[in-house]
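Below you'll find a set of structures to go through.
Look at the two complexes coming up: chain A is in both, with chain B in one and chain C in the other.
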Partner chain A sequence: MPGPELEERVNRKDGSSFEVVRLWALRLVVMTRKELLQLGRDVPLLLFLLYSFSLSVYISGAGIAMQLSNASLLVHDGDHSESSRELIHRFREPYFRFDGDVSDPKEGLARLDRGTAMVLLDIPPRFHESILGREPVTVQLQVDTTNAPQGLSAAAYAARIVGGFSFDLALSRLGAASNNQMPMPMVESAHRVWFNQDQDETWFQSISHILRMITLFAFLLPAAALVREKEHGTVEQLLVSPVTPLQIMLSKVLAMTLVILAATTLAMVTVLKPVFGVPIKGSASLFLLVTVLYTFTIAGLGLFAATVTKNQAQVGMIALLVIAPMLLLSGITTPFEAMPPWVQSLMALSPLRYYIDVTYGVLLKGVGLELLWDSILTMALLGGVLFGLGLWRFRRQFA
Partner chain B sequence: MNLRRIAAVATKEWKETVRDRLFLLMAFLLPPLWMVVFGHGLVLDVEHVPFAVLDRDQSSMSRDYLYRFMGSRYFDYRGSVKDAREIDRLLGDTAIRMAIIVPDRFEEQLLAGRPVTVQTLLDGTFPLHADTLKGYVIAINHAFTQELLTSFLARTRGLGPEEAHRIAEPVSIETRYLYNQEVRSTWSMVPALIMFSMMVASPLLTALGVVREKETGSIYNIYSATVSKAEFLIGKLVPYFVISTINVVVLWLLAVLIFRVPFKGSFPVFLTASLLFVLCATGIGLIISLLVRTQMAALIITIIIAMVPTILFSGLLVPVSSLSPGAQMQAHLFPAMYYTDVVRGSFLKGLELEDTWTDLLALGGFAVVLRLVAYGLFTKRPKA
Partner chain C sequence: MEGKEALQTQHSDTIVRVSGFVKRYKKDVAVDGVDLEVRRGEIYGLIGPDGSGKSSLMKAIAGVLTYDAGAVDVFGTRVDSERAAERIKPNIGFLPQGLGLNLYPELSIEENIDFFAQLRLVSDRDLAERKTRLLAMTRLERFRDRPMKNLSGGMKQKLGLICTLIHEPDLAILDEPTTGVDPVSRRDFWSILTELLQEKGMTALVSTAYMDEAARFHRLSFLSRGKVLVSGTPMEVQTLVPGSVVTFETTPQVQAIARLKQSFKQVESLGPLLHVFTPTADQSEARLQINTALGDLVPTALRVDEPELEDVFVALLLQKAEHKETSDAQPTAEAGHGRDGLAIEAEGLIRDFGSFRAVDRVSFQVKQGEIFGLLGANGAGKTTVIKMLNGILLPTGGAGRVAGADMRTAAGSIKERIGYMSQAFSLYLDLTVEENIRLFAGIYGLDKRAMSERYRWIITMAGLSGYESSLTSRLPMGVRQRLALGCALVHNPRVLFLDEPTSGVDPIGRRHFWEILSRLAREAGVAILITTHYMSEAEHCDNLALMYAGRIVAEGSPVDMKRQVEHEAGRLFEVVAEHPAKALVHLRQAGFHRAALFGTKLHFFCRDPVRDRDCARHALEGSGVRVISLHERPLSLEDVFVYRVMALEQAAKQEAAA
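Then we have the complex of A and B:
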């Protein structure tokens, strides 16, 4: 606490500039402490914060698989032959789960209607005979595409399986005909998946969950804290005290950034590393530093929202207006490249868009500042502008 | 129960809401706005994937091969590189998501009838994309091989192209896409977005209702008034229920008229499900409002509880059947999943009451249980 003598000396303006800075910082610290204490007394909120950065990260990391898995497959086998069984046998886990035979395709379609099955494979009668008789034959596939991407994915896997079956058949036939290992011209696919060889989805999902949580808390905590003071009228008390508008705003951002940083670290050391084994390839301190920058940016946005609203209900609505599109369209839930150009240019304004690149770059790809500096710079610029706008509005409203 | 007292609470709440212009505007503006933005923007198809090539062969056949990628709408050609190290940098910087390396002597080997391996490097940070991309690459390679084999057989064995093709591809597949013939992700998204808008906006409208009175102290007027617990809770809900119901109808009109998603099912079933769902969503907001003390807590908890499970566990993006058992359990504990089934089913599959009654029953159950919990949590006697 600043002592009265110190206060007096500064007010008489005979203190050195060092004293002025010291006092300014001291006031900021006191205000930040006040914010932390106030947050600390809101027990339900704190418990929820803890849950959001621990258990909930685990649930979404472990629970969500957007890759096709266990698509329920029904088969109408009109042939019941060696060949048809071999083909059916190739539809297997993890992509497809064989859910039984149907004697009538209509029965299969009814189950697709009810949503208890996703794919119906129809093998025509005389399938085996046609193959032996060297006549081309076509199998039918019906796919439920109410969920378009999953349906497409299932169709692609099925096409791959049938294509493989057909190709093997052609090869064995040609091989048998010439009776030696005849070479065939073909393009084989060799894939190397970088940064996540096993395509372990828990890494992606758990990290993106943390990004969602950081975004939500970084917006809502400071915004609600500021608008609460407006609602209760305590902001006037603050303004007649020696603290400046900048200190009021900065203290809220500082306090909430500290909390969010602690929560992020918690999520990394309790869930990300030990449970999912996310390899933190780059420098963890760079990630945390960028997180601080990101939190500042989003908090600036939140404070700006707080200056245009009068009560917390309005802040909530503004948050939904701004945050929901950010979360859904910045590239953590859907592929960014596929979106229409106008959405892409709109999302160029979303700080999350850049934070995603930096986060995955540092944590999974292990790249550093030399490649990420442009994203970080853009984010810093956005943050500076948002924070400046918020401060300007806040000053104009109260000073 | 006294209807006049319910009406009094509802009127007071309604006036409070209507007088807050910004709030009212948002309450009606947000859902349609979301529908338009997400309906257009939330594209789940993996398309326009940026890629680079390293062509070590530089022959006419390798160019023909690579042209199949460049000409596809799934890929966006971003140039060719001279050195494998450059690929590292481009992938690390997320400038590209995939690189294709064509080996030298590609044409020579294939013309001589020998197999060739083409390597693709994929960015695996988003595993779903990597997986889909693999599928595309395999499909293109398969088609290319099929053609090579056909022309090879025609050349070496003197077969006609028809005959050669028949030998090269003895079994083919014909796929029919049900319910959404053109496999438009808009058609799958837009109905589910009705669910999303209702689930995210309605609880927030309600959540601040009770806790605002607690924070400002005006709840003591209620404590000392003759209005009973049930009357108060019902009265509080009426305005938000009305707003949400109007929104459901507006969203339905948007989906049918603007997005032209076919509505094949029955409107009464859809409306019943929607009303039940609105009751559930507002009920969740009400319960949060009763559990916490500050508006700030109510705000944050509601937004996160409403938004996160709705994005992840409602069937909006991932079908519930492909979640892990733990996540499936969480999905079933949440009303959104049942409503998604009804909405998508009503729009795309033309489901009627006999197909959806279990979902309706579940929604009704949730609505009742949530109300009972709220009734139990609310007390007119403040703890000392």
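Then we have the complex of A and C:
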């Protein structure tokens, strides 16, 4: 029978500071276990998590291509000569796909309008004659740049092909005129591709996707868990118990960090390495360690959002508002350097920006702490501030 | 107007006929073979706890929910298809469950009304006329420009009623319109509804979880677990289970309860009083039975009354013996906390939110082993007081000690010594019973041995054995509440705070819950501070404080509080008359201004029982209303509450006018 000695056992906190710490840790562990249990019961969410870190990584890696490929090419050949055929022949796969001749440039334009073709190459009559007669001649290239990056690269590739054709013509003509090999002044560019020798885009895309998913879940999971406690009124029950606001928030971050860490490892082990063959050049544990720090940072942001919202729908909207620009502007979708300076300075506040540096640094370049410490430190600082803000709001809300 | 005579003349005129109605949600059968018939001009009641199938039935009648078997006819149209449902909808007004859920929070009162009227194609002239009348009746006209979200619960429900009735439907379907509304607004709501229906000849189907509202219906069905347990007029239902209620005092109470339980199924302790339902209508026989059961204990202040409908429902539920929840295992008496000393002391507590003073100089004391009730409407400041005492809200002024610790300086110690159960059910629905208990045991820092001791104690005390590994979301409301109580008691606290703990729990569940509370207070010396909306529950408390606008305006034991009101306003009388509406008018003309309709009955106060009673009888019979019965009723705490708050509102209004 529980007697007064129970009460003593419960309230025996006058004891050593070790006892105080032990109780504090015990409460945190109990709370963290609760979060994990609850997450484990939420089957739809678990399935979504599993999908996001496996199949979805594969789909983005295999599906998203920023490089030009398979652009539909139409040709209006006004000359039908040896030279025109040769030029056309140089527009090759995988960049361009020859989609046929048109007899009238107007028809070609109409197909550009309809969106069934991307590039229209117009070769004028007397093209061959002009070349033979050493007159300058112009071919016209019309490009659909509705999708600007694709259109621009199509134009650039086309210009290079035409330029190469012209250079070869000039070279052969010179060679033909003077039988001896005359040295030509020319500058050649020789590439040496670092870090991704095959220029395999799937590496970048699949890693980017994992970063996107980590960001999303690190924000949403703890935020939703906290706001759900507010919705259901369970948070009040916790507040009148000896659990402190710090323990309530920390337990959510701990639980969700564990889950995200597991999911990230899953993505690396099941998709990144075996499917796409991403070489993990640096230390995988350093990457996971930084991921913990990053998750903590974003979770702080999420918890802050949870303190200013009333329900899960509102948290979802805040997530769109905060996470979407972060994902778009921190450098995984577009090159950071290409953004206007004011966006760049705004994004200095985005933890994702530093996490990207570290991730690519560790995974693809194989660098370590010695080069990345400043990014990691900035991220830690941001995390501390965000978490502190969340804690401050959470305390204030109920006082 | 045909409505007024409806009850007498139009019995054959059926508005709703439901037969063999079955509704399933996946595997769960929500409603299982219900028959009922609603006649023109009546207020038909559906009574039952949460999850008894009331809402499903009402939605199907309103044509917004399909059903699995049986037939529903409304105005003679079989509601079995989308098209049929559309045909009946123009003549129906439906108020869904939940405070103001059908209204638009951002729109003002007037905009809400206009919107519903336009939706129902009410002509501008009718709208203007009805709006003026309804706003006056509900006393909302002063607030017509106030956004709905800024209204109190009672006001929202009144606005909901206006919006539901603005097109003057033939049938109004109101799903738990008074749940979560304070007693004064509840009475208001009922008198408006009754008057409107009588005047317009409308019919209403109304559901409620408050058993004491049952007497307000013309006819009713009592639902339990998807089945009709009983239907008929309140009178008919009452005669189904003949019995009397015997109330008396005796000491020692614990021993008396043990003895009485051997002979009677319904034994409740109401503070110092015991309340026993005896299965005999004969009053002297009832006294005899009690005396026999008590043996050498002597009852004092004994009185015998007719049973209330709630007693009847509980008796019926027990007869059907479908309640397996009553645990035979009695709560083991746990360690006493000692009767001496004060558990809670509040001295001049003040709390401001901006310029609004939510709590104004509140002082009271609760001893160990005492059950103390804090009553008041929504927004009276009850929850704020509790939060301050719990140490989660700092007071603006005043002082307080809880379980021997100062609430300003030792909030941490307070948290370790108190148990708290909040308004909404606040355990984790996605955890099992065991996981919930272990979570809170861990939070309170119990070691392994203490945890398993307390775990077993809670399972027995709350009657949870067999439920250990069930998900909390699957438990019936009554079991959930007991689990929440168990979790609040996991660390054996000296003081227990309960904020409206029993909303939505069925009557047997509520009684079982109170039985546990009484034992905790009587046997273990736990001090309990409780707030409740159920005035019938307030009777269980040893002492009460009534809060109004942040202040305590009345306090004392339930008996004292009733005595005070009787002293000020007189005795309460009940009339059953042939034409209740007409009778009401005549009574008010005769000077009984507080007279009010209560279902088919009328209640009024008499200062001088003999003279006033004759006066009332003369007034009624003189104007041709036959009086069927006229007798004194014991004052309920709800009467006390309403009387006090009405007087205060009156005073506030006069002050504002002056």
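To be clear about the criterion, the second predicted complex is superposed on the first by the 384 of 399 C-alpha atoms of A that agree within 3 Å, B and C clash if a C-alpha of one lies under 4 Å from a C-alpha of the other, contacts with A are read in each partner's own complex, and residues count from 1 in each chain.
Just so it is clear, a residue touches a chain if its C-beta (ideal position, glycine included) is under 8 Å from a C-beta of that chain, and two chains touch if they have at least 3 such contacts.
All values reported here derive from a predicted model rather than from experimental measurement.
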Requested in this report: Please work out whether A:Leu266 is in contact with chain B alone, chain C alone, both, or neither, and reply first, second, both or neither.
Outcome: neither
The chain contacting more residues of chain A, comparing chain B with chain C, is B
Figure out whether A:Lys34 sits in contact with chain B (first) or chain C (second), or with both, or with neither.
second
**Prompt:** Now for A:Val275: first (chain B), second (chain C), both, or neither, which partner does it touch?
**Reply:** neither
| request: Could you say whether A:Leu174 touches chain B, chain C, both of them, or neither, answering first, second, both or neither? | output: first
Of the partners chain B and chain C, which touch A:Leu258 in the superposed model: first, second, both, neither? neither
Ask   = Looking at the overlay, does A:Asp42 come into contact with chain B only (first), chain C only (second), both, or neither?
value = both
Footprint intersection on chain A (chain B / chain C) at 42
Residue positions on chain A within touch of chain B in the complex are 42, 44-45, 48, 52, 56, 59-60, 62-72, 87, 109, 112-115, 118, 131, 134-153, 155-160, 162-163, 165-167, 169-170, 173-174, 182-197, 199-201, 204, 209, 212-213, 216-217, 220-221, 224-225, 228, 309-321, 323-325, 327-329, 333-335, 337-340, 343, 357, 360-361, 364-365, 367, 371-372
Residue positions on chain A within touch of chain C in the complex are 1-4, 6-7, 9-11, 13, 23, 26-27, 29-31, 34, 37-38, 41-42, 232-234, 236-243, 398-399
Counting only contacts in the complex, chain C reaches chain A at residues 332, 334-335, 390-394, 412, 415-418, 420, 422-431, 435, 439-440, 442-447, 450, 453-454, 457, 471, 487, 491-492, 497
